[in-house]
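I am attaching a structure below and will ask some questions about it afterwards.
Labels A, B and C are assigned to the chains in the order they are written; within every chain, residues are numbered from 1.
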Amino acid sequence: MSGGLVLYDLPGPRARRRQTMLAIVAGIAVLGVIALVLYRLNQQGQFAAQLWDPLVNPSDKDFSAVWSLIGNGLANTMKAAALAITFSLSVGTVIGVARLMLGKWSRMPVVGFIELFRGLPVVISIFFASRVLPDMGVNLSNWPGGEGLWFVVIGLTAYNSVILAEILRSGVNALPKGQREAASAIGLSGMQTMGLILLPQAVRIMLPALISQLVVILKDTSLAAVLGVYPELLNSAKYIYLNLNNPIQSLIVVGTIFVVINWTLSQLAGWVEQRLSRSTRSPGEETDDEAHYIIDTAEMRQ
Amino acid sequence: MRTKALIALLAAGALALAGCGSDSTGGSTSDPVKSVDTSTFEAGSTMAKLAAAGTIKIGTKFDQPGFGLKGLSGAPEGFDVDVAKIIAGAMGISADNIEWVETPSKVREEVIEQGKADMVVATYTINDKRKERISFAGPYYVAGQQLMVAADDNTITGPESLKDNPDVKVCSVVGSTPAENIKQYLANDSQLVTFDIYDKCASALRNKQVGVVTTDNVILLGFVAESDGGFKLVGDQFTDEPYGIGIEKGDTAFCEFINTTLKDNEEAYNQAWASTAGAVEGAAAATLPPADACA
Amino acid sequence: MDAVTENFDLFLSGYWTSLKICLIALIGSLVIGTIIAAFRVSPVAPLRWAGTTYVTMVRNAPLTVLLFFFAFGLPEIGIRGSYWLFGISALIIYTSAFVCEALRAGINSVSSGQAEAARAIGLPFVATLREVILPQAFRTSVPPLGSVLIAMFKNSAVLGAFGVGGDLFSVSETLTSARGYAATPVLVGVAVGYLLITLPAGAFLAFLERKTAILR
């Protein structure tokens, strides 16, 4: 709803005054809770310099080792996420188009594939990649980046490609029927209609959703650490606190890194969304709503 | 990782050029074994192959302080790691040419079966179920399960007192052998709390969310030493956990080589213990247990 | 498949535990998610800020990090409880952020005439939301909500590493690492266990989606 859904009347002067009071009271309450938490943490010695220094003080002897570990983990996380999103996108397009173009019965295997991988926990997909592929004689150890990276990428792709396929499908379905009809009317084949008319519009609508899915993929790379196959960011945090005994501090730092990166990506998604809705404002109000609805919800399908 | 592989490759190439009979002294001064005659290995044996390659892949834990913990600089450290270095050294492979493979408990058998590691040294208890899939050399250490409680706790005196105190939570690692063993001593299943690593159990004991942590005594001693008198061990050890070295099933020659190597290097073995898991206060000196027959 | 048949009762109890966790978390996250969604569209600016902050913080952090702060942060500031409680609370908090966003998108898709009509007949904000907007929003949000809840069931696997034992994933850990069973059959068993829930849930959702579809 780009115009903004107005669920309430604009507050008058008295309501505004009341809200200001409420904001101040709530603000004080929140500050009070934060102060209490900090006080308690301090009491438990969680602000001791030896716990924080390796993370925040450049002159600490472990500082450079700690941050090169974090940097490595971050680079690995980004690498796996970037590859996984690329592959998920291409595989997802193929699956999505197959589901849209095939007949009711011939698309059954595709639907089965989608349902299967949508229902499997990603941890299990990654495990299967690391276990079943070598059994089938597929040797990934010579691939650039090592086999661990590819197990993660394959496991993430198996799951996210079907999610992206579904996003794309709803994108195509949300397009006005006239688009497809007009394409047929000028003599385009089914494949041409899909490739030249429908997909470009669907992808355009879904671009923010695709970026949002990157947030999910980025977070899911951390599942690889459970199997010990890939040294990503959360894994780095584990080695840091096992060596330095500062779990709370390390996870605050690494958790913040995750939030900042993912928040930046979400903002990027929002920015792309805004740009697109400005340039493609369609006269049909329903499709506009529908597109928004899909964009808003796509990032939750994880 | 890539540079390591590159070094290994270069080293292998150099070895091949110099001919197989040459002995490698290794670059690192910390190598427990200084020089070895690798020409005595029977052709085609695992030792001959590894010695010729000049590099070895060894599976160990990366998150077990005292035994195998990845340090901030990237290389793992601990008793398992040092034992592995002794064995690699006996094949003329220096510590720099070892490729460490992270091997959490649940994939240890897989790592060996799929050849991702030539051997696994990872607080790996020898048992019959595992022997169906892999072979063990050793044991190189016999640990035993024990209980750790807060220093001011006098209610829990051993595993027998757990049933009488059903409110006291017992912590171990999810899916681990100690978690399985302790179940028979508990009042009910919900008395057991599990995490993915023991470090979290120690944190839980410190903030009094659990009353007892149980696993192999050597691991617990590490936490006792770290706690500045906050924790203590209680009761006797109630299991025997012989740690073995996992190798490919049926590789008897490699198994015998490992057993002989450990016996011939007891000094290095004792030193390895004293500088890692044995360095904590209250740890007894390790003695190399007699090896099982290789089958 | 010996691993599964020999330990069938263990699988069954793990299945039951996972299901129990998810039923509780499902109700909890729907309730909290709805409240937060109401915050995010409310006329009171501080509530909107609070809602936005909540969603931004929770949605962008990995579940493992959130679980860690519940299990080890709370006791540190003097809040005690069972790990069962901590684990489920973290799962509820995490999922509710996604539920909130699914609902908010649903609310946004309700045409503005509905809200205007409600206001025109004099309904205040809460009544507008409760009587007019939310019932329609819930219907539009069925597919994404379903995906969120299915994802929650799968996410519950992580709880096993945070003091909540006995769920489906912990069972697989016990069999593969302590008892030395081959991993593939055990994981096939666990995967089937998850699919037994997620496939019917997916089918039910598709049915619900067709049933509740609003023609606009």
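One rule holds for everything that comes next: a contact is a pair of C-beta atoms (placed from the backbone, for glycine too) under 8 Å apart; a residue touches a chain by one contact, two chains touch by 3 or more.
Keep in mind that this is a model prediction, so the values were computed, not measured.
In summary, the chains found to touch both chain B and chain C are A. Farthest from chain A, judged by the mean position of CA atoms in each chain, is B.
Note on chain placement: the centre of chain B and the centre of chain C lie 39 Å apart, centres being C-alpha means.
In this assembly, the C-alpha centroid of chain A lies 38 Å from the C-alpha centroid of chain B.
One finds 17 Å separating the Cα centroids of chain A and chain C. Chain contacts: chain C has residues 72, 76, 161, 183 touching two or more partner chains. Among the residues of chain B, those touching two or more other chains are numbered 104, 107, 110, 196, 200, 203.
Contact of a single residue of chain A with at least two other chains is seen at positions 131, 135, 226, 247. Across the complex, chain A is touched by residues 41-46, 50, 56-57, 59-65, 68-69, 72-73, 76-78, 98, 101-102, 104-112, 115-116, 119, 124-125, 128-129, 133, 140-141, 143-144, 147-148, 150-151, 154-155, 157, 161, 169, 183-184, 187, 190-191, 194-195, 197-199, 202, 216 of chain C. Chain B makes touch with chain A in their complex at residues 1-2, 62-63, 65, 69-74, 102-104, 107, 110, 114, 196-197, 199-200, 203, 226.
Across the complex, chain C meets chain B through its residues 71-72, 75-76, 80, 83-84, 160-163, 165-166, 170, 172-183. Of all the residues in chain A, the ones that touch chain C in their complex are 1, 3, 5-9, 11, 15, 19, 22-23, 26-27, 36-37, 40-41, 44, 46, 115-116, 118-124, 127-128, 131-132, 135, 215, 219, 222, 226, 234, 247-248, 251, 254-255, 258-259, 262-263, 266, 286, 289-290, 292-293, 296-302.
On the side of chain B, the complex with chain C involves touching residues 104-110, 127, 129-130, 132-133, 171, 174-177, 179-180, 189-190, 192-196, 200, 203-204, 207-209.
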